[in-house]
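Order as written gives the chain letters A, B, C and D; numbering starts at 1 within each chain.
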Amino acid sequence: MALSCPDGEQTAQLTFFGLFALQHRGQEAAGIAVADGKRARLYKDAGLVTRVFTPKRLAPLVGYHAIGHTRYSTTGSSAARNAQPFLVETMHGPLALAHNGNLVNAAELRTELLGRGFGLTATSDTEVLALMLAAASGRSWEDRLERTMPAWKGAYSLVLLGADRVVAVRDPWGFRPLSVGRLPDGGHAVASETCALRTLGCTEVREVAPGEIVTLHGHEVTSRQALTPAGRGARCSFEFVYFSRPDSEWDGSSVHAVRQRLGEELARECPAVADVVIPVPDSSIPAAIGYARESGIAFNDGLIKNRYIGRTFIEPTQHLRERRVAMKFNALSANLAGKRVVVIDDSLVRGTTAGPLVTLIREAGASEVHLRITCPPIAHPCHMGVDMGTYDELIAHRLSIEELRVHIGCDSLAFLSLDAMMRAIGRADGYCNACFTGHYPIEVGDVAEKGAFEGVLA
Amino acid sequence: MALSCPDGEQTAQLTFFGLFALQHRGQEAAGIAVADGKRARLYKDAGLVTRVFTPKRLAPLVGYHAIGHTRYSTTGSSAARNAQPFLVETMHGPLALAHNGNLVNAAELRTELLGRGFGLTATSDTEVLALMLAAASGRSWEDRLERTMPAWKGAYSLVLLGADRVVAVRDPWGFRPLSVGRLPDGGHAVASETCALRTLGCTEVREVAPGEIVTLHGHEVTSRQALTPAGRGARCSFEFVYFSRPDSEWDGSSVHAVRQRLGEELARECPAVADVVIPVPDSSIPAAIGYARESGIAFNDGLIKNRYIGRTFIEPTQHLRERRVAMKFNALSANLAGKRVVVIDDSLVRGTTAGPLVTLIREAGASEVHLRITCPPIAHPCHMGVDMGTYDELIAHRLSIEELRVHIGCDSLAFLSLDAMMRAIGRADGYCNACFTGHYPIEVGDVAEKGAFEGVLA
Amino acid sequence: MALSCPDGEQTAQLTFFGLFALQHRGQEAAGIAVADGKRARLYKDAGLVTRVFTPKRLAPLVGYHAIGHTRYSTTGSSAARNAQPFLVETMHGPLALAHNGNLVNAAELRTELLGRGFGLTATSDTEVLALMLAAASGRSWEDRLERTMPAWKGAYSLVLLGADRVVAVRDPWGFRPLSVGRLPDGGHAVASETCALRTLGCTEVREVAPGEIVTLHGHEVTSRQALTPAGRGARCSFEFVYFSRPDSEWDGSSVHAVRQRLGEELARECPAVADVVIPVPDSSIPAAIGYARESGIAFNDGLIKNRYIGRTFIEPTQHLRERRVAMKFNALSANLAGKRVVVIDDSLVRGTTAGPLVTLIREAGASEVHLRITCPPIAHPCHMGVDMGTYDELIAHRLSIEELRVHIGCDSLAFLSLDAMMRAIGRADGYCNACFTGHYPIEVGDVAEKGAFEGVLA
Amino acid sequence: MALSCPDGEQTAQLTFFGLFALQHRGQEAAGIAVADGKRARLYKDAGLVTRVFTPKRLAPLVGYHAIGHTRYSTTGSSAARNAQPFLVETMHGPLALAHNGNLVNAAELRTELLGRGFGLTATSDTEVLALMLAAASGRSWEDRLERTMPAWKGAYSLVLLGADRVVAVRDPWGFRPLSVGRLPDGGHAVASETCALRTLGCTEVREVAPGEIVTLHGHEVTSRQALTPAGRGARCSFEFVYFSRPDSEWDGSSVHAVRQRLGEELARECPAVADVVIPVPDSSIPAAIGYARESGIAFNDGLIKNRYIGRTFIEPTQHLRERRVAMKFNALSANLAGKRVVVIDDSLVRGTTAGPLVTLIREAGASEVHLRITCPPIAHPCHMGVDMGTYDELIAHRLSIEELRVHIGCDSLAFLSLDAMMRAIGRADGYCNACFTGHYPIEVGDVAEKGAFEGVLA
């Protein structure tokens, strides 16, 4: 999230509201950095956007240019130490960076920086990106980006704050989304998802192209194509399946519309004889509507989700642990009793929730439970910025579909095929489907297992 | 929320999880009191259940009997001072009380207590109830309740904690819900809604009858009918329309099923020529499904709600104030553009959201917007425990339906009739519909306007 | 602490600064209540005055009249539940009370209130006092006090806040101090110690007499003698020995001057052949100066105290536990090595610190250590508001002076006699010396051991 | 503060208690870093040591080697961003640094680092030191220190944490103190002041020499003389006058003993005809004892200090602002009334307290007030780590002694001469007296005024 607007009064607040719309992309930490043409200021902390920023903390963040970030929960690292933006003073003035994605050669780059005598304070990629830029030559941040980007292998949709501008850049594969729009009161904004731009009332929304550098400077927007896009691109299909908000658009398609088409394709490819189609709320609702529409089976709610999804520190005792899923979901027996039920879920990653959900649905009286998944089995880790877990944690890496069905306890289980998924997305290629296929668009080498790189800062 | 279980180890934790399922009934404060046969302990504070209770705060709450409460947000009073349960030492031992509802004669009872020389530390009804019970004679809490209840006019579903038991009681009108069930590992629980009992795995769930006193004491449940039910009863129909969770059941009906029937009735009574039916998420989803099913118009999502609904202390600037609803909702143009849209909303209370929502939907390209409401206009304040606002605040008290339509800016506006609403609920009478009709089941006298009673504690 | 001033703007702030000067009288909790002629407001919480009150929390406390309190740490009770002031609504309007002291018949009064049907929310005496006043008849708080005071047996220096006034009252024995003065900008203030009145710049400072009721109402002060003083009075001599700040005055004497005279008396009564006199800082400094002056032995520092005396939650490991006193004190070998040292300490209560201090002093090279105590052995519990511990905890109850000397490990040990202590105070009688003599001015009956009364609220 | 001990269990706790004894050297922030032979962990935050460290925060800090820091309050910089230790990963493994002092060439070194492409996250010298070491070559931290130290101009007593050791080093001038000792249970510790080593029970305490590098590695201590001491050295005389705790020793002298001699010299050089000598507590107590002893005038307390010196966020209103000093001190009229008073204060820096104190003393009845200062007028800023303020803020830079006397309102005012001060310290030279004389041991150039260097991070 970033913006530049001629009215410095509301810069930080607009950034705050933009981040609020992107909260689903990261709940671990939040931060905003602003620049006033000369100096930069930063506030960041662990927690949700609304907890981190109070009026008192937002007030000093005065400036024309701002970047913000919500940090995605990742295991084994300090939330506070790795919170973003990352702000440094450089010979070129202040530099703040916020980054969505993951570099597959981060360990190498890190080793290289250390070898050049740098000291690293964090374990995140973002510091590596920032220090490489700090040390780069070139007359402007755009020049320095252009010279440094060839060394970066992996997914990076990043926003950069200099003293007098915001620069947004996307890797040449285009793994993660990034869009730019025009603010209603002047100035421009950049965000991972268009839902945040819409929240701010932006018009003229367009995607930042893979390999493109976009500069925001108040009323002006300029652009250069720093790197040639890598082939047809490698957009993350999982953004459509699960990660993005349904009210975002990407690659010319509405996420919600794609999810409905995923449901339609699923109905065609994996039909079921049933009385009702229910979603696992909230992410699978559009697909369930699509499945119902295409199959002619009635759509209805079957599971109710507790809206108060904040973390609790109270660990269930043994008695309650068996019913942990009941903390989050209740089944509606009025809609399920005596019925053959198709349950639509977006994906199966670690496979811990599906089994208890099926049990809940059966306890509510369903006579048959048919689980349908709107993407293929996820059998390979993501190295491009989604924390899906290691091979050991991915259940589809360990079990066959029939074994999965038995494990989950449903009457039938089916996954959408890769082809059908791509049909729903509306593209034949140009996407990264490595988590389904194991074919990574970039060689991932030694980092094939998460955690292969171990730093010395605990 | 209350429970009594022979295994004292998990009493507080079960209560916590029950309260978590009831969080939607009150977000202002939370508390739990426990008793171990001799002494009582209490912890309560302002905030959500998950913020108030950490392992450290839950740990000392050891006992066999517990009551808990989530406090509904009401204006003009101190959250901390009025948090519940309310715990006192009495000549009969410890007494804690948690209460859902509102007494219409609270001011009178308060004056009476003061006149008898009592000092009151809070401004809530709960203290009044507790001190009246403390001063009552009778051999047991059940006896004292039976003798005191005739003086209480209004809505009260309350749970009482004594040294060695939990007692649950419902007013003879039965305004607010209250149910009891059997815990899977022994013991019993009482909760305002069955969704909490289901979360805890309860079986043998039944409603506490209007005027009934139910005692939980470990494995035992006993009951007495303290007061004759008041006529056919006066259940709150707004629980079905909006307040209860859809996975709860009440008066023999599933809330979700009633909401679907409200949609069906609405489709019959207030049809529209349209291309798509969309809900205002989340409460109107079942009704929109019902409307779509009955009308034959396709159901789809049209508005996406930000799931991170926690309070923010950041006030939007002027620029953003105009777009405040955009913080909460985005419209899906893919599903709305060029379409005639039926929007289903559960109710119109203060009328601040409907207009901006209609604007959002139009901006997303809808050619027509038809707003359909699943209950009649709310033109009268509630004195039975729902904070709907005063006559001045209720928009339907001030404007005719056509004036409302113009105010909101939709192409057509229609409300479900009282008869149709009652058909959806499945009862001809036995409900309080005072907020629609102004016919209060109890004379409300001087308290007809909220805030008429002014204490001396600020 | 209480005040009434015609300028309502600074009432709460003046109270805050007064409490800050009284912080040594209680570190557990702090609170302020204000009244504006009609309504009363309260804020209180556990913690030091400067932690409890931020500008945000002080701001709403607007009014002409205020009372405040710092709560003394007592074991076994909830700091939050028993924090003061205690505020209730009564038939006579708002009533807030803050209380220093202890009623010996609290349990009886409590039982009586419960028997009359009252519910008690706290375990402190203050609620008992407040509810008795709430229920009392009489045209004014002063009348009601006058009628109720005869029932109160024990120590109470209390301040009362009504809608339009502050009332201060002291028990007829005069156990605990209480003084009144005139504020420099108009209005008057009452405080336990004159140091707080001096901090606020008060003039015309005088003691509230035992049994006297003083009313502050802006520019006016009125007084009535509600109860005849009990004989010659029973002032607490321990206030002079230890509890009061040295810059306070009481019973016509400067606390600092009395402490110097205690040192002089001690030098005469318990001489020592030595090279240096050192105090245990800070409370024994004046007495050590007096001892040195009278004995002709040089005064010097021998122990340095860490000024950062805030609580730590870090428990020392075994290694450090043996040196716990080292966290608080270091010995100055430059002033002690090879010397015969007289150590002046104010009192010996539980006897846990004296031994380690003597060890520290020996380790610093002292050739002899002679411990001199400025009061007699404390062999009996206090029931008048000082938490000295039970008989079991009082080391002088268990050991003879010679046993004490061996336990502490000093070369000689001597206590000032009661007569000499009273000479230093300058009075022959009129003081409570029960902790030294066991002769309680009021029959203490069953409460002879602390904790004899057990409530049902944990 | 640093230590290395073979028992890793108590490393962090010992460091905590050591820091607690050094709290007077910095109240703004506190931190501890530990290393276990391989990895390093850090926790730091703004606040006092006892607030920053709870058992929960100390528990993860497990390792054999530790360094800790309390940060001195300096204006205009972010407490959180500049808290210490500063921890980085380097090509040589983890490196943490904590630093007491100030580099006069920090801006130059900073510019040099930026020019080499480094990015700086903080505005403190410590990061500069750390990054220079990270980039240095050499086989060990000791080697790298030896090669880097020649570039550092100014005051630095620093402790360094590597994966398997603690290294302590002191600049060749020896501006700030640093000592090393042997822990009672094995291992060694280093601290700015010996009071912390005494608190931990250390024996074999000795000073780290100017230019010396000391390595602690469990049971072993090794040392090398990295730089030749600069001439006779430039110890800070203000440590003796004010900064150090009286129970510390430095340069072979007890701080307390030096302060008493300062008082004795002052009595000889600046006598007064008076009845009583009083200190401004607490720092001037030893000097006042010395003055009294030498002059034959009686020593006594005249001012009582409020022991609860924690920060308050409540700003006094106008009425109270005039009496701000009354929040901190009360005068004892019993000891002052009608007397000619000598007041001993350690130093006059900004001159804001002396005047109000003299007023307090006069209000308490003193007939004459003679102010005596235990060091010469401070007329020049310190660039070696003590925040004395700028030339504009130093009152002795602006006013003559007679002007000062009038400003303060005392009857006479006298300062100890430099020669007499050095006699009390017991050395003819080897000390930095730049704040008195303006003769800086190192050229201070452009940084002659604080804040001359302005970074771009706000």
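Criterion: a residue touches a chain if its C-beta (ideal position, glycine included) is under 8 Å from a C-beta of that chain, and two chains touch if they have at least 3 such contacts.
Keep in mind the model is a prediction, meaning the values are calculated, not measured.
Student: If you check the contacts of chain C and chain D, which chains show up for both?
Tutor: A chain counts here if it touches both chain C and chain D, and no chain qualifies.
Student: In whole angstrom, what separates the CA-based centres of chain B and chain D?
Tutor: Roughly 60 Å, centre to centre.
Student: Measuring from the mean C-alpha position of chain B to the mean C-alpha position of chain C, what distance in angstrom results?
Tutor: 49
Student: For chain D, give me the residues that contact two or more of the other chains.
Tutor: Not one residue of chain D touches more than one other chain, so the list is empty.
Student: Dump the list of chain pairs that touch, please.
Tutor: Result for touching pairs of chains: A-B, A-D, B-C, C-D.
Student: Which residues of chain C touch chain D once you look at their complex with the stated criterion?
Tutor: So the residues of chain C in touch with chain D come to 9-10, 13-14, 16-17, 20-21, 23-24, 48-51, 53-55, 58, 184-185, 195, 198-201, 245-247, 249, 254, 256-257, 260, 282, 285-286, 289, 293, 298-301, 304, 306-317, 319-320, 323, 326-327, 330-335.
Student: Any idea which chain C residues touch chain B in the complex?
Tutor: Touching chain B: residues 38-42, 86-91, 93-95, 114-121, 123, 130-131, 134-136, 163, 455-458 of chain C.
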